[in-house]
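First subunit A sits with subunit B, and in the next complex the same chain sits with subunit C.
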Partner chain A sequence: MKRQKNSGDVQTKFELFLSRISDYFYNISVKLHSKKKNKGEKTVSMASNRKKQLVFYFSLVALPIIHYLIFYVGVNINSILLAFKEYVGVNGVVYRPVGFANFERFFQEFFHGQMLKQMLVNSLTFYFVGLIVGLPLALFFSFYIYKKYFLSEFFRVVLFFPSIISSVVTAFMYLFMVDVGLVEIMAKFGVEMLPPLGEPEMRMPAVLFYNVMMSFGTNIIMYSSAMTRIPVSVVEYAAIDGVKPFKEFVSITIPLIFDTMSTFLIVGVTGIFTNQAHLYALFAKSAGIEVQTFGYYTFLLTNLGVTEIEFPYAATLGIIFTLILVPLTMFVRWLLAKINPDVQY
Partner chain B sequence: MRRKKFKIQSKNYLFMGIVLAVLIAYTIFMFSILFFTVATSLKFNPDYLIDPIGFSPLYFQNYKNAFSAFYQIVKNGKQVVYLGDMLLYSLIYALSCALGHMIVTSVMSYLVAKYKVWLNKFIYTTVIIAMVLPVVGALPSQIQMAKAFGLYNTLFGPCVMQSSYLGMYFLVFYATFKGLSDEYIEAATIDGAGQFTVMLKIVFPLVKTSMFAVFVLLFIGYWNDYSTPLIYMFDYPTAAVGLFNFVYNPSQAGTATIPLRMAGCMILFLPIFLLFIFFKDIFMGNLTVGGLKG
Partner chain C sequence: MKKIKILSIVLALLVGASALTGCVNNGGPNNYTGGNIAGKNESNATVIKVHNYDCGYGRGYIEQTTKAFAELVKDVPYEEGKTGVFFEFLHTQTNSTGTWLLDSLENNEYDVFFTNTLDPSLVKTTYSNYVRDVKDLVTMKSTDEGANRFAEEKSIMERMYSDWANFYQEPNGSLYVLPLFTSVAMPIYDVALCEDKGLYIAEGSTDTNLILTNDKSEGCLGVDGIKGTEDDGLPETYAQFYLWCDYMSTNGVTPMIWSGQFPGMNNNAWQQLWADFEGYEQAKATYTFDGKTPLTNLISVTDAGVVTELDDVAITPENGYMAMKQKGRYLNAQFLRKINDNRGKWVDDRSYSPAVSHTMAQDYYISSTYTRKPIMMLGEWCYWEAEATGTFNDYAGRKGGKTDRTFATLPIPKADRSLIGTGTTLKVGTGGTMFLKNGIDQNRLQAVEDFFMYFNSSAAMGVQNKEGAQPRPFDYEISQEVSDSMSNFAKDVYRILHSEEIDLVYANDRNDFTTANYDYISGEWGISSKYSKSSDVTDLYPLKVMKDYNVTAEAWFNGLYDKWTYRAGTAKSLWEQMVARISSN
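Right after this comes the complex of A and B.
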């Protein structure tokens, strides 16, 4: 009996031992499995996701910001420094400091000469003709296209056409058309006329006309795109109320695209002194003073010589124009914000 | 009654009638310019000298001659660049600059529009400042900087300089990305997509029309641009620079009669014209710019 009991105890102990071993290996298996599972399925915590976002963000943003620091900030700082220097170019010395000599030269030339005054008048003329003639025409044309009136798609293509052609090509085409074609056609009808672009008195109107003609392309696309965003319900209500096209244009369309318009108006102000008015394409380096703008003159100063002799003076003009344009742009921006109907739709 | 109705309608559409008349005048003007150019480019020079606007037999040889007459001497007289090379330089210049500018602008605007990071305000402000605070006359300084970084008078120098996020197209892309629902991005992130995958495979395909439109507009701009290559890569004259010299400095650029110059104009114009015909809708697609706020 005792022997039987003993054998039973041994069996129980042995089973217990086996079960412990089995449990031990089972635990190892569970641990291994859970480790494997964790390895396969990434646990996504909010913190690690944010970290990844930031790494991605900064790795992509770094180069463009370095580019900005070099080619915008660096260029402008260098431009300011350049305005206080003079080109020497002998004995290994390229530039030497001259204080405000370049600024004195500008004010001397501006107040005691006619050239820079004329350029100021011309620059402003190009801007205001663009504002008073070009902008309303662009808005009317955009409205015509947006309303899908007769042949609107065709006119859209025609208006955009000058934008796809090089200004060298359009300038030469225009030059030829006006100075040769028009003169010859008029001669066939017995009317003698001098080539408009060759004649100093006619040159400015001819160049202004060319600038307005070539200015529509991208503006039409932007304005008509902005107009298509106007809610259809607003236009339909207006139509039910019997609102005429002109009234709709003035009272509905213009207020609703004012944001887009003001962007272009502000950018236009910033371009007053940089606008070359296609003069380089029309006349290369020989545009007469009656049409020259500051933009064209600055470009000539930089591009005319083989050395950098006029670089400091061109940089000086840049600083002076910037000092004039910054408050002017701020004022225009403020003014546009004041009159902006600020319609939400 | 019918007369009265017509009177009311005509009054309503008087405004649009005037706009239509101006548009017709504009169209006639543009077509007459193009017609004169094409007609002159197909004239034999002696015929042109006798009667510049009269009809004469078509002389297609001008187009063939332009490829040999249309050349520029570069690298201090060591190399002659013909029209074929110029067209290749134009293609390289326009493609590289348009791609560089479009990629940088779209990536930056995506990051600013969709990631909440403190730097966004700085980036957005730099764009607005560059647009509304005009810095004039930086060209001499830019040339000096290009020289300092070895980018002056190289084929890919302008591409590096143009690969900036500043400019109007940043706002175009910014408006597009802002208008895009975040749900797409969230869904892709839950499915395990990484940041780069989300940007390239989810977000960019959704705005590919705008991206392509901007690319095409930039490409045309660079293809037609003559002033940047004239200054920054004068030993690699693009077709626009070549044509500029061909038209205005004929002494530098072979025998340039007026019909030959017109043929040169048409050769530069035709590739873009064909591109325009094929991608008209993309060229004139809807691009929107909002206000300058911030």
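Right after this comes the complex of A and C.
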């Protein structure tokens, strides 16, 4: 109640402040118009006024549109064309067309080899762990913060920190924590252990844990923000009816923020094959196949050396992943729309 | 309300200030203005702008050279109303290598560029509009009419080592990029540790029994079989090396460490075993693909380790993958497998941790001398000492500075005793390149050309060798004054790379095949392996996969060949793709 009273006072003063500013500019406008009339200027026609407005609007959006056309449309068209070429680099020839050779290479390597299959498994593992572990935890912490339970502000800050700090810095911190700090702490207790990230069976769990931790920041901010938009009256009615926190979470909070969740779930699907899983920050170029994802592999292809020898193949992967993910994303979107409780408030 | 207003204004100012922090220090975070302590062009000298990729070699070699040059030309009126030169530097790691840098040249205001190792063919075909052809400068002699004041009796090209000249110079004599340093990876050992702990191998030792001493003069003859040389007292054969490591591990010394984050450095160091076994001609043929030098040491090996000799093969682009059957590569794989099998005793645990960067490994190595278990060897590129300058400075007060410590390159052991005294061959590359921007304005052009000539003069190269701890691939002498100020390691690296007894194989060649497949030849050739028959996974780091997946030496060796010849279904093998790039041109 106290919060409402205070906010009411603030709003009234704020409204007054805004109205004073508004009045000030209105008075100036009136004076300008009356001056123009006194000078006997012709009134501007609707068409001319409209034209001026259009010029103004287009001049505002021209730069963003040009930027979009060059750096999104142009770049993607170039990437699509690149998938049908190969790099040569001699006798003045840089690229030359090779038809579907790059696509054939991918499918042959995928169906007859193990490397790409392992990457598919790893990419899906990172996605589903994020979905099954990361999402519920993010929702739980968001609810905790939203309900302002004990140390909620502390959790808000700590869980968002990784999103503020450079991912390279957090990766190094994590590496040191696990491979140096943990080893030395255990040594103090008389337990000799090898650096965990140097052991192949430990790498995937360690990288998964790191990725889940890093995913909290943005998720928590968005989900807790969505939760704060839930009408207070609904929460109060639930409290009056004796609804327990867990029931409130499941039956009220989740349905009411489902739109926000849907957005994140759909975006998550689009990132399955581009997710690097922070592997380059953690391992540079030496990540083992047991953790490699398609996103990491594609990045390495463009970082092979100083030439662009694998750029066409990387472009090919991009097209193939797009062709797979577009229908999948549409399907997920349809599915979520189907199960969306579609609560309006 | 007023408080909110004030707070908002303060926050807005902070945000605005943070947006302007990039403007400090003349716009660059690492902008050292050489030639003038005050950082300003107070003497109104001609400005030369230098763009430097701030990497492991440090800035010292550039700073010392520019200071010396500025002093030499302080009275030279390059421009009307101005005397001398003033250098403006940009030391940065952002957009300062490869095509990131080359693509920026059109609008780049800098004159002289020091960067990573560029592909000269790429520069010529794609960027020659922006990179100056310095043929006139590098072929100039002091006896030529109108010669530059810093020209020498021998031109720069004449002083450049032939392998580098063949690689960097165009067939018509043009030259766009100049090599900076000779890049070599070696196992490095601690000389003082040998003396302190009595770890020199004494004369009379065999491949099955070691006698140790702390007096180098009592040491065995070493790999060159000659008494009184630098390699005395150090392992002569693989077998002695294994015994040596065993002894060290049981006597309070950890034999070796390397960077877990960049294990390739250590792998490159031990790949010298292959080059040394094969010798110059056989090793070089694996890069020329000219079909002139048949490979004579080819073998096939079964999974059980049964070795069969193969017929000699002259290597061309069509069958170049046969180079992966060289016996030296199998011996190299066996050596690494031995290290792996004894990693619990011979290798510092931290070598397998991705948290351990190359600089951390250097720190651990340098500081280990102050611990109860010092480390004998580090597998690294030879610029490591320049890169670890900060760590050395930290220990300078404890007589642990760069010139106080005595590190040296470990002579490459021989596969067996019959090879002692047959000479040493090392695989080397280029560490960094330099070039001049095309179209420098005429007023300053002479100053820039003078600087270029001075930078590549014999006298300047000696100083650069000392500062970068790596020699330049040219003929030059180091003055006594410079030598006296060099660390033991820097002197040792100069010795091995300027020794007439040691052959240097430049790990690349200039032909259509290597140019079209530059990244593969300079990056993965000879070190990437498809180590599993049941999988198409490849790896560059044998010690890592030997540990993680128990890969045998035979599997690794056979995988070197399979990497290039494996076909996924009906797709072309990687080698076929590489050949196809030049086949229809």
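Just so it is clear, the second predicted complex is superposed on the first by the 296 of 345 C-alpha atoms of A that agree within 3 Å, B and C clash if a C-alpha of one lies under 4 Å from a C-alpha of the other, contacts with A are read in each partner's own complex, and residues count from 1 in each chain.
What we mean here is this: a contact is a pair of C-beta atoms (placed from the backbone, for glycine too) under 8 Å apart; a residue touches a chain by one contact, two chains touch by 3 or more.
The structure presented is a predicted model; accordingly, all values stated were derived computationally and were not measured.
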Superposed on subunit A, are subunit B and subunit C clashing or fitting side by side?
clash
Which of subunit B and subunit C A:263 touches, first, second, both or neither
first
Of the partners subunit B and subunit C, which touch A:176 in the superposed model: first, second, both, neither?
both
Touch test for A:114: subunit B only (first), subunit C only (second), both, or neither?
second
Pick one for A:298: touches subunit B only (first), subunit C only (second), both, or neither.
first
Per-residue contact with subunit A, leading partner among subunit C and subunit B
B
Output check: A:104 vs subunit B and subunit C. Expected answer is one of first, second, both, neither. What do you get?
second
Report for A:278: first if it touches subunit B alone, second if subunit C alone, otherwise both or neither.
neither
Is A:85 touching anything from subunit B or subunit C once the two structures are fitted on A? First, second, both or neither.
neither
Location of subunit B clashes with subunit C - one stretch out of 164-172, 182-190, 200-208 or 254-262
254-262
Name the residues of subunit A shared by its contacts with subunit B and its contacts with subunit C.
172, 176, 180, 284, 308, 310
Please give the residue numbers of subunit C that touch subunit A in the complex, ascending.
1, 97-99, 116-119, 121-122, 125-126, 260-264, 349-350, 352-356, 512, 515-520, 522-523, 534-541, 544, 548-549, 568-572, 577, 580-582, 585
Can you tell me which positions in subunit A touch subunit C when the two form their complex?
13-14, 17, 86-94, 104-105, 108-109, 111-115, 118, 172, 175-176, 178-180, 194-195, 197-200, 282-286, 288-289, 304-310
Interfacial residue positions of subunit A with respect to subunit B in the complex:
42, 49, 52-54, 56-58, 60-61, 64-65, 67-68, 70-72, 74-76, 78-79, 82, 137, 140-141, 143-144, 147, 149-151, 155-170, 172-174, 176-177, 180-181, 184-185, 188, 213, 218, 221-222, 225-226, 228-229, 244-246, 249, 259-260, 262-264, 266-267, 269-271, 273-274, 280-281, 284, 298-299, 301-303, 308, 310-312, 314-319, 321-322, 325-326, 329-330, 333, 340
The answer for subunit B against subunit A in the complex is residues 11-13, 15-16, 19-20, 22-23, 26-27, 29-30, 32-34, 36-37, 40, 51-53, 104, 107-108, 111, 115, 117, 119, 123, 126, 130-145, 149, 161, 163-166, 168, 171, 189, 192, 194-196, 217, 220, 223-227, 230-231, 240, 243-244, 247-249, 258, 261-262, 265, 268-269, 272-273, 275-276, 280, 283-284, 286-292
